[in-house]
Amino acid sequence: MKKTFMTLFVLLCCAGAAFAQEEGISAEMFTVNNLWVMVATFLVFTMHLGFATLEAGLTRSKNTVNILFKNTAIIAIGFLTYAFVGFNIMYPDAFAWAGVFGFDGFGIGTDAAGITKAYNDGYTYWTEFMFQAVFAATAATIVSGAVAERIKLSSFLIFSTIYVGLIYPLVGSWKWGGGWLHEAGFYDFAGSTLVHSVGGWAALAGAILLGPRFGKYVNGNIRPIMGHNLPLVTIGVFLLWLGWFGFNGGSVLSADPGLVSYVFTTTSLAGSAGVVGAMLTSWIVQKKPDLTMVLNGCLAGLVGITAGADTVGIMAAVIIGAISGLLVVFAVTGIDKLKIDDPVGAISVHLVCGIWGTLAVGIFSTNADHSFGAQLLGVLAAGVTCFAAAFLIFFVIKQIAGIRVSESEELQGLDIGEHGMEAYSGFQIFTTQ
Amino acid sequence: MKKTFMTLFVLLCCAGAAFAQEEGISAEMFTVNNLWVMVATFLVFTMHLGFATLEAGLTRSKNTVNILFKNTAIIAIGFLTYAFVGFNIMYPDAFAWAGVFGFDGFGIGTDAAGITKAYNDGYTYWTEFMFQAVFAATAATIVSGAVAERIKLSSFLIFSTIYVGLIYPLVGSWKWGGGWLHEAGFYDFAGSTLVHSVGGWAALAGAILLGPRFGKYVNGNIRPIMGHNLPLVTIGVFLLWLGWFGFNGGSVLSADPGLVSYVFTTTSLAGSAGVVGAMLTSWIVQKKPDLTMVLNGCLAGLVGITAGADTVGIMAAVIIGAISGLLVVFAVTGIDKLKIDDPVGAISVHLVCGIWGTLAVGIFSTNADHSFGAQLLGVLAAGVTCFAAAFLIFFVIKQIAGIRVSESEELQGLDIGEHGMEAYSGFQIFTTQ
Amino acid sequence: MKKTFMTLFVLLCCAGAAFAQEEGISAEMFTVNNLWVMVATFLVFTMHLGFATLEAGLTRSKNTVNILFKNTAIIAIGFLTYAFVGFNIMYPDAFAWAGVFGFDGFGIGTDAAGITKAYNDGYTYWTEFMFQAVFAATAATIVSGAVAERIKLSSFLIFSTIYVGLIYPLVGSWKWGGGWLHEAGFYDFAGSTLVHSVGGWAALAGAILLGPRFGKYVNGNIRPIMGHNLPLVTIGVFLLWLGWFGFNGGSVLSADPGLVSYVFTTTSLAGSAGVVGAMLTSWIVQKKPDLTMVLNGCLAGLVGITAGADTVGIMAAVIIGAISGLLVVFAVTGIDKLKIDDPVGAISVHLVCGIWGTLAVGIFSTNADHSFGAQLLGVLAAGVTCFAAAFLIFFVIKQIAGIRVSESEELQGLDIGEHGMEAYSGFQIFTTQ
């Protein structure tokens, strides 16, 4: 038993998330594996709160209700959509038309086979569903930030439902469902491409089709529109970092002590290096260190390490994170110069650093099976597909129902326009000092 | 061993939370079981922060300090009260007068028997205390919201101490302590009735005895009083949802992989369906989708599934949640029409949906032992007892010390009146755009 | 096996955190032990968000960006510094000059020996690094609050890097690295002295060297400067309490069911007693119960119990917490009278109650090996060293680069001065009621 376990460790460290099916695993090990993946699920769930406060804080208070509403609705729609169609599309091993409408027809999986190690050494059928579902909703949440302060609520909800329900699981299936990208040697441990870039490409498509917010680019000048509440932004980033322990650590798909704790270490050092990288870059370029840049630097480092958290060395993790922090500062400025208006920097963080992190696996991976070519292939395949799909979906919705609120509504704020309420009504400020 | 484990699974899935005492359980399984219940305890603890921000956000900024103070005090009083008397009252197996003042006289339970599987397969004596204590404080927290913005601090603290220390454990003992409701076939997995309705009935009694806030009902018209900070409300709801994974998942009382992950799935889908149910209802009825309704819809779905999270099917969970979301929108409006002033919608969420969720077990349970009649009996028994007890306690305190602050204090705000301080003093707002 | 496990329990309960090396431990037990210490790591990580919101809320909004920036930078610097030097300094068993620059030269520890129970029964090499690293950053965060609203950003970051990288691990090594204080019989379970006082002494040195904020002491009068956002403060304290489950519970260094759950119970009851102790003291002394005092009372109780959470009785935990709550109210007032300006009460909470908690082990410990003398020795040794070191580091930085911003910058706020941005720009307040 002991020897088997040691062998398992070595296998795991070599093969990354590919968990060896091991008949001899004990009920105890199955229970602790499942417990960790469930805990990881809560951590990723917490990221949705992080996204909500991050986006709300980085935009103006007249659109806060709308942001919070979208982020609340997305997680709910994400869970339900993934239950009804996404889970089956993404894991086509179990694919059956009868199963498309949810949970293999709400039947298969509830029997003993789905809740014991007969299903999987690492978790039950239900734990797998939950862990994948909280991932799925993330892709739509990333889009939410880039299209903030001007998109029509109903159109956004329709877009999210389609994108989370169909496109995310389709692209995910190419690698995580054992599809053609997997066969081609592409590696993406926890989703620099399959989650973050998938969201990032749709964010880019949405931001282009929507156009910039009124007053953002005036007579060729870029006018900064500051977020209204930086404590909310900071809360968001810390919660996202916290959640990333589950996002990356849970992607080990078992409680493997060595691999999970190694992934935590690379993840945290990359996030830390992202903070320091963005801080120094911002301090030099902008003269004074910018809090939002540093916070985005943290997320950039975390996105960057996500593809290779289990397969790059410690120093490589620090380098990947630091470069991510540097990249995000220039990306935010660069995308602004292209007059693509991304209120929260979602494209810079999730797309730019998602691409960088995916390619970095080809540079730094300790696994000889990983190659820069296969990584580039994955980046391009996901990019072409996601950008085209997102553009098409947004375009069709635009033709049918419109995607942008009226100018007067935008000026007044979407909180009144879409929801008839304000985020801070009845707020008394006492300015005694 | 393997066969025993499989048998255990089947037993668990049939019998719900009733964990079979199994001499053969290993030290490893005991450790992982205990770990999960401890983690669940933290998650439920987090709900208290959720309640604090939810209630603070849904009320006016002149009463924010008071809300935060109450919620901080309640968790502390809850822990101490439960240690000194509640734990012994609720689990009368170990009941002894000598033990009433805490932890079986601060002696029994600290020996080896209390910290090994000799005590329980799922957790130690101390883990049980902690998990039960964080539940107990919840009941008082629910009341806090309904009586907000007008109740005297000292009177509320006295009420909470008595209610958490005596009434909550008394009613809880009828089912979870193996009492007469348990014998009668009543089922309440994690407390739609025993926690949420117990709090909800007291909220109703308090709101009636206190009367509405000044300016709420003027010349027969209902005047909405908006919350001052919806980001705080959203933070609260996400934290409550997060906590609910522990509230329901921990109520399995072990780390049973199949049952715990199944409970997560029903819980999350019901919460999601609550969001969507309230969103659609609000969109249709109020013309524009209301953020606070959607957030309350989420909580409604979670309260609704709490009684049967382990025993209803997946589709049933979605239905229970969706109906909860619909119910809460009409309940908020309906209770307002009755001129019962509940600033945060606590009665609608916790009492109305607590009753609905309890009865839903009688409709949707896959366990033939559950019946609508027994569920109704439990609802009525808890309702009569809790409403009468809460009314009596509030009434006696009202006669002796008063329960409502003066009109001038209410108009000025309880922050100055009760605490001599303001929530947002020294706050500078820069309105550069 | 069963007997071995029982024996282990008894050993653990007697010897506190000293985990018996047990060759016979199974792979399953190792995995669950490691899982708990990883979860504890996330919980302590969450404390950094708690510190960030606590400090931001207790200070003025013109310095909010600066506070958030410092707290974000510290965790990043803490992780990187601890990786490059701190980890090796603190655990000199593995000390080698070759290893000073990080992770034993980024080599040792990544082999199989570091990720199996061959390294440790309770966790892997990487889990140990992560758990220790989140602790290390705490010491600097404590300082951050006391020097808020007037310290130069760059000077603070330099101080933190040196203090976290060298002084914290040096003093920690005296006890937790098996050094001379350990030999002398000093006991500090989770760091009342080794973390909280270490931070508190530096906070005191910094506050003295910086001098008070402008307008704080005018013509011999103490002028209160209120925090700008008490919901943020409350969020911070709840997150800190949550994190303390990991801070103290994780310090068991395994998932030992009895010991970890016992530590939770003492920790929570002490925190609760701190709330009640501060509430009653504040109610009597200040006439009205002060929210910030109650919140600091909670932290005071938690700091107080940290040194002896595993070794004092239940009633003793309540007493230690209640006295901490009382102490903090008088300490805040007393330190103000000494004209030492500590904007958030960090010295009162972390230093005063850190000392009290450490000494309380000498009074209440159930372990006969603990003595008041040894505890006093530890307090004095840490005090002299930390105060002197912090004073010296701050003094040298002051001479070279200055440590205080200019008067005009302080009056305008550090957000504009140090970062060129505001925390709440574009914030619209609707005062409809």
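Going in written order, the chains are labelled A, B and C, and every chain counts its residues from 1.
We adopt the following convention: a contact is a pair of C-beta atoms (placed from the backbone, for glycine too) under 8 Å apart; a residue touches a chain by one contact, two chains touch by 3 or more.
These figures come from a predicted structure and were not determined experimentally.
Novice: Give me the chains shared as neighbours by chain B and chain C.
Specialist: Touching chain B and chain C alike, sorted by label: A.
Novice: Please decide if copies chain A and chain B contact each other with the same set of residue positions, more than half shared, or with different positions, and reply same or different.
Specialist: different
Novice: List the centre-to-centre spacing of chain A and chain B in whole Å, with centres computed as mean CA coordinates.
Specialist: Chain A and chain B have C-alpha centres separated by 32 Å.
Novice: Do you know which chain C residues sit against two or more other chains?
Specialist: 26, 28, 32, 35, 39, 60, 225-226, 229, 235, 422, 424-429, 432-433
Novice: Going by the contact rule set out above, which residues of chain C touch chain A in the complex?
Specialist: Going by the criterion above, the answer is residues 26-28, 30-32, 34-35, 38-39, 41-42, 45-46, 48-49, 52-53, 56-57, 60, 64-65, 68-69, 71-73, 75-80, 83, 102-103, 106, 110, 112, 114-116, 123-127, 129-130, 133, 153, 225-226, 229, 232, 235, 418-433.
Novice: Which residues of chain B touch chain A in the complex?
Specialist: Touch residues, chain B against chain A: 1-2, 5-6, 9-10, 13, 26, 28-29, 32-33, 35-36, 39, 43, 60-62, 225-231, 234-235, 237-239, 241-242, 245, 249, 255-262, 264-265, 268-269, 271-276, 279, 286-292, 294-295, 298, 313-315, 318, 413, 422, 424-429, 432-433.
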